[in-house]
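Heads up, the next two complexes both have subunit A, just with different partners, subunit B and then subunit C.
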Partner chain A sequence: MSQPAAYVITRPRLAEWVGKLIGRAQVIAPRRAQGGDVAYDIVETPDQVAWDYSTSINPLKRFLFPQGDELLRWQRAGDDGLQLEPTYDETDRIFLAVRSCDLSGVLFLDRVFSREPEDVYYMTRRQHSTLISLTCSEPVEDCFCVCADAGPFLETGFDLQLTALSDDYLVEVGTEKGQELINQAEGLFAPAPDELIQARRDLEKEVEARFAEHKSYFAAALRKVTFDRVPDELWEEMADRCLECGGCSFVCPTCTCFLTADWQSEGEGHRDRLWDSCLYSCYTLEASGHNPRAQRRDRVKARFFHKLSYQFAKELETHGCVGCGRCIATCLGSNDMPTVTARIRRGAI
Partner chain B sequence: MTTVERRFPEQRPDALFVPEMATIKGAANLTAQDRLFDIELPGGKNLGHKPGQFVEVSMYGFGEAPISVSSSPAQDGSFELCVRKLGGLTGKLHTLGEGDAVGIRGPFGNGFPMEDFEGTDCLIVAGGIGMAPLRSVVNTILADRDKYGRMMLLYGNRNPDDILFKDELKAWAEDDRNQILVTIDRPAEGWAGNVGVVTTLFEQIALDPSRRVVAAVVGPPVMYRFVYAELTMKHIPDDHIYFSLERRMKCGVGKCGHCQIEGKYVCIDGPVFTGAELGQFRESI
Partner chain C sequence: MPHVLTTCPYCGCGCGLYLQVEGRRLLGTTASAGHPVGQGRLCAKGWHAHELATSGTRLRTPLVRRGSSLQQASWEEALSLVGERLTAIKAESGGAAIGVLASARATNEENYLLAKLARSALGTNNVDFSARLDALPGLFDLPKYRHLSLCTAGLDDIAAADLVFLWQTDPVEEHPAAAARVLRAAEAGVPVVEVTARRGQLGELAQISLAPRPGSELQLAAGLLHVALSKTEPAEGDSLAATVANCTPDQTEAATDVPASDVIRAGEALAAADKPLVIYTRGASLGPQGADTLMALSAFGKASEADDSWCSLLWLSSYCNFQGARDMGVLPYFLAGYQPVSEETTRAKFAEAWGAALPSEAGLPSWEMLGRVRALFVMGDDPVSSLPDVAATRQALGNTDFLVVQDIFLTPTAEMAHVVLPGASFAEKDGTFTNTERRVQRVRRAADPPGEARADWEIICDLSGRLGRPMDYASPAQVMAEIAELVPIYSEISYQRLDEDWGVRWSLDGAVSAERAGFGGEGEEEGPASVSQPAAPTVDEEYPFVLVADHSLGAWAADKLVVNAVGLRRQQGADRGEQLPELWMSRADCQKGELREGTRVRVRARTGEMDAAVHVSDAVHAGAVVLSAVMREAAASVLPPGADSETGVPVLRPVAVSVEKV
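Right, the complex of A and B next:
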């Protein structure tokens, strides 16, 4: 018997389900922090999930590719040298109520880290992860997922996709892993009636119209960056506004640059990888003292080249932006994606 | 234009960032700042590299650095690295000697396509420490001498004390199919040889117009533009010129992002690029 691709769950039962999930794996969901911000974080009880949130201040990156991630550790074994051991994180994680843009961000990370040779550290975490997304019905001031083709509703990529409809949540199944979760939650889900599926379709159309106002002009920017038709003065002007804080890289769901560092104490130590930012002046500094990107202008350019050029897009099958808008909130110099693409499109300041 | 082929070492799948424990079989100072290490992998197995490839050398507690392999793939049972003392890690490495352990990952990168050098006259241009990877090219040619045409080595240094592999340079010059030219940037006491930057050596070589010439160039970035101009004036086409680029690299496997140049990763798409490829990058040198 084939299984339906969509289910319905009532709000009270949703809490019960989340309780079950928490018993089975580490559940990461939007959670209200002090000061009213919402951040993806580990939840211990179902009522900690902020279902009504608009957006999280952080993407999911830090759970799959942590800011400080141990790669290997060693112990000195007498005079015979070292014993090395790679460290993998095999924690089972369920990411719950993730916004479409952030789920798209994870799909981008998948493409980066699954490229040959596969990054076993990331992929191990990813194999132990389940992604349950939550579609968006209200655009937030800063976001522009429609332009980035990363939301507000997703076609694929999720294990389960939830949509809030008046009294219930419609649950779409994306993968076998998602179906498995439904099967394990006996009695909580019912096959979705046709009118509910229609209601979700209607909502998607309505929402897309509402999201259409927010624009980032990727196509024009992609063309100009690819063919190097952006005037140097424009990069220069953007560089003047860049404080080299690295904030844009750290909040970006698709930024993956890292450096490695060793830590050592008596008889043992470990090697970690740490987030890096291509805007830092030492990012390309070589041992000889030569720095191919000594000028900030070149670093700003390199960042947007990586995000927008066809040269990188052809390898990763998409440009490097999911439209979450976190760079708008973070960058004090307004070197955020919509502003930069608009400037590039106009070719002037 | 030769297509870029990405090569990855065959390793255990879980070994991406886990070095192999290698042993230093021997070490000797070549100059005040350069030390040559002979390194053996577990069980004496060969590294299996191509000239121009590099390894990531681990000093646990100090980090990892990309170092190009200086020995020829023909060397059996061990490989050599020529390391210049420049920072914390290389400073620590310089204190090591026979019997000490280092971690090795690799080999990484594409290396020089030696099949392209076969049957042709080989023009090798080295600047300073750039001689280290080019020694691997030279020894590959010498190990199978008849497969290659003339070999011309132009080698520039700041001063006589910096010249690497002095004895080997002499030995290479004994074969008249090899032309070895060395220069130093400024006059120095006791130096009777050429004075001037490496491009001043080009007037001393005569290329046979009936023969194909392939060039390999490794040196400081400032050298490339000028050497490229000389090679072009000698009518060597762009896709017969191979440059090896230096970049800060952390991972060696195209993940960490540091060595990106406009869509390419120097660690996996390079470090060896043709003149034709470099011409497409604005930022390359």
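Right, the complex of A and C next:
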């Protein structure tokens, strides 16, 4: 596409459109769960989409790289044969109204899982998914996407990007796939007038200025971590503040550690992969009983080296944090990303 | 709803979590951000909670013993066998010949129904759960002490406190939701005083670390009280000051090895505190002189600047529904809501509601029940893993004429059963758990039980019918409605109310007075009656170390809810297979004895010996050697289970040992 296309849709029509999408694919959108927390979840009716949400408790990877995922099944065939059958998930999924940081998280996962050898399980799900993001106009207390270059508005990466502008939504098309969705929704979208496109640009500027207060100091931390200038005592102190819950890995849109486990009962079985966390003491435990990262300090260091060093940032195009802020809420100790970068910058707890 | 809000099935904190479901399949677990306990956080157990439900090792069909092996059976066969045998034994030997163990992990509704079945259909008050030992039941049974084994404070009081004691507990291992709060308090500058033979992770942040010789914790508590009380004007007739009058810092140092200067520092911090909070768990109650130690801790508030509205005791239970099991009358002496079985009016009230006469004789506690009853029905309890004397427990179970176990995994107790009934996990049924701070919270069905397994409340109803007392409930919500009718402390609980909020804490005051609930009120004792000699064993040249059984160390790694959860078992280090028991020893003592990590050693006590592998630790204080309490079967000859002289409750006392390279 030469010129990115933009459309406008009114709020009532938006609901109609969502209804159509639900008829066509599994639609995953922010949804209020029992108790009031908002989670990305399967929606069955358009009114279940929580358009006014700030952040969701779960990242999108739960649907593309589930916490517990069956990889293959096997069955004994005859006397000496085994019949193996990989379990690919080809469900069509539309991710709707996802935050920019979360969409950036998916793009990060794409880069991780498409490296050779490609992860077929993830890529199959990805090929069957459509990403419709929703820009942020209100900074949320805990997030800092601006510092992570992952929002609040995106230039690319989405199939469609929605921006709420008074009565209407501006819809920017990012891909052919996105354009296709517009084309299929006869009469619901109209080409966006120039004023609306200008209004969106103005909003972006205004919002970025407001988001700027939400900082994580990546630059200094990146340098110090890359050149190993963080004193061991500081890692040690951070290790005292890690209670090994694994939560930071689980809520993070960019974390991808996993392990596999096999189940079997008479004549059949399956292999699953399960999320793992680099902070678990058994993460690096080898079969011999030797554990190269037996000290929690070494594991904390490894985590942030992975997230913050140039080596990894170069390989994966950005550092491994999209600024979603989830680890702030979920760290049982106090090793969330902004706190850790601030400590590293200051050089002390 | 694909995200089902429920309550963590592991420790007593009761964090809220969502089970992620697609179809009827459990995909994972997410922390609830708004939940008042978890506040967006979970420990590793919570993050892996779905794994125990999806485990390939779940019981899927009833099992009936044929000869020496347990074999698959139909529900009809299993339940009619249970019905017939229990009816016959009751007819031959009376209801008192039957015992019932319910569970600190089953829901309130299930505990209530099983206690009802025991009393109304089987005619027995032998109703208990073996994990109840954790809270020093000997004390609990006396109303005037009951506040000591009940969380009068709440988890959020940790954030409000201006001085925190971690008394013989390691919250990082035992109660991570509490640990998260202590960590934040410490970072905000609140002084933390750690009292333990093995420093926990939070010890690194503690301002004062006290390491009393194992067995001298009571004397340390008395010493702190002495210092704190000497800072204030003694009230007239103050018996507490008189009790601790001789526990001077020097005396305390002599009795506990804690330097007098540290005793003074900690005692003065206590005296000056407006909101001191003592966090304690089974480590304190199961210690020697546990009863008196708890009494001494209960006087800490009085020795400080705290006013009467501040509760300074935070008891944390290690099971998701420990509190609820007691609330529901899974106690030999009380009907639900701590209403005494001995009271005629109480019995009459329940008899009318239940349509059956109820036994008036108090029943036996779990540790006395085993070996004395002919038949035992166990739901979700595992006395082999909970009671201190493993060998005696196995023997007693082996001598039981008819043992029925209803559970989700084949536990060591279930392995000995005549009939095994497969129940549902927390993810497969509706109900409520009551957390350690008395918060009643919903447990919600998110998936179907595996195979032929059934929700436990359905099994109980079915069985009760076969015993001639049909129970007719359409859902656990209906059971809760009946509980609310009969149990004053639950009178405000309904599923509707629980759904509107994050659960409801039943109150110690207000609508339900403390006295009606049987807690505190008149006659509440303050402090121990006297401070006896330390129970610390005397060390000498032959036996130079004190060996202590640590209840927080490795407890989860041995728990069936961890061992059967595929990712969690690895996280908890339960994957390492059969190994020698690990003996934690200080670096200094290891150097002296030229012992390295993994060195095989022989531990000798006056009563016997055992082999162990050394773990060189910076957390253990010199002179102490620490063994996980879950190793007590292997260690029985060295750490012989005994009974608390005060309460008769079985405990593991520290002993003097020698440690030599094999």
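Odds and ends about this structure:
One rule holds for everything that comes next: the second predicted complex is superposed on the first by the 345 of 349 C-alpha atoms of A that agree within 3 Å, B and C clash if a C-alpha of one lies under 4 Å from a C-alpha of the other, contacts with A are read in each partner's own complex, and residues count from 1 in each chain.
One rule holds in what follows: contacts are C-beta pairs under 8 Å (C-beta built on N, C-alpha and C of every residue); 3 or more make two chains touch, one makes a residue touch a chain.
For clarity, every value in this text was computed on a predicted model and none was experimentally measured.
In the three-chain model built by superposing on subunit A, subunit B fits alongside subunit C with no clash.
By the touch criterion stated above, A:E116 is placed in contact with subunit B alone, subunit C being left untouched. By the touch criterion defined above, A:D276 reaches both subunit B and subunit C. Angle at subunit A between subunit B and subunit C, computed from CA centres in the superposed arrangement: 80 degrees, to the nearest 10. Of the two partner chains placed by superposition, only subunit C is touched by A:A39; subunit B is not. Once the two complexes are laid over each other on the shared chain, residue contacts for A:A329 go to subunit C alone; subunit B is not touched. Within the superposed three-chain model, A:C245 lies in touch with subunit C and out of touch with subunit B [touch as defined at top]. Within the superposed three-chain model, A:R62 lies in touch with subunit C and out of touch with subunit B [touch as defined at top].
By the touch criterion defined above, A:G157 lies against neither subunit B nor subunit C after alignment on the C-alpha atoms of chain A.
Within the superposed three-chain model, A:F305 lies in touch with subunit B and out of touch with subunit C [touch as defined at top]. By the touch criterion defined above, A:C257 lies against subunit B but remains apart from subunit C after alignment on the C-alpha atoms of chain A.
Subunit B and subunit C never share a C-alpha pair closer than 8 Å once the two structures are laid over each other. Within subunit A, the residues touched by subunit B in the first complex and by subunit C in the second are 259, 261, 263-264, 276. Contact residues of subunit B toward subunit A in the complex are 6, 8, 13-19, 21, 60-65, 84, 86-87, 90, 101, 103, 220-221, 246-248, 250-251, 253-258, 260-264, 282-285. By the touch criterion stated above, subunit A contacts subunit B in their complex at residues 71-72, 74, 81-82, 84, 86, 88, 112-113, 115-121, 228, 256-264, 269, 271, 273, 276, 278, 283-288, 290, 292-293, 298, 302, 305-306, 309, 311-312, 315.
By the touch rule above, subunit C contacts subunit A in their complex via residues 1-5, 16, 18, 20, 22, 26-35, 39-44, 46-47, 50-51, 54, 56, 172, 176, 179-180, 183-184, 187, 201, 204-205, 444, 499, 502, 566-567, 570-571, 573, 575-576. By the touch rule above, subunit A contacts subunit C in their complex via residues 31, 33-37, 39, 41-42, 57-58, 62, 66-68, 240-241, 243-247, 250-251, 259, 261, 263-265, 272, 274-277, 280-282, 289, 329-334.
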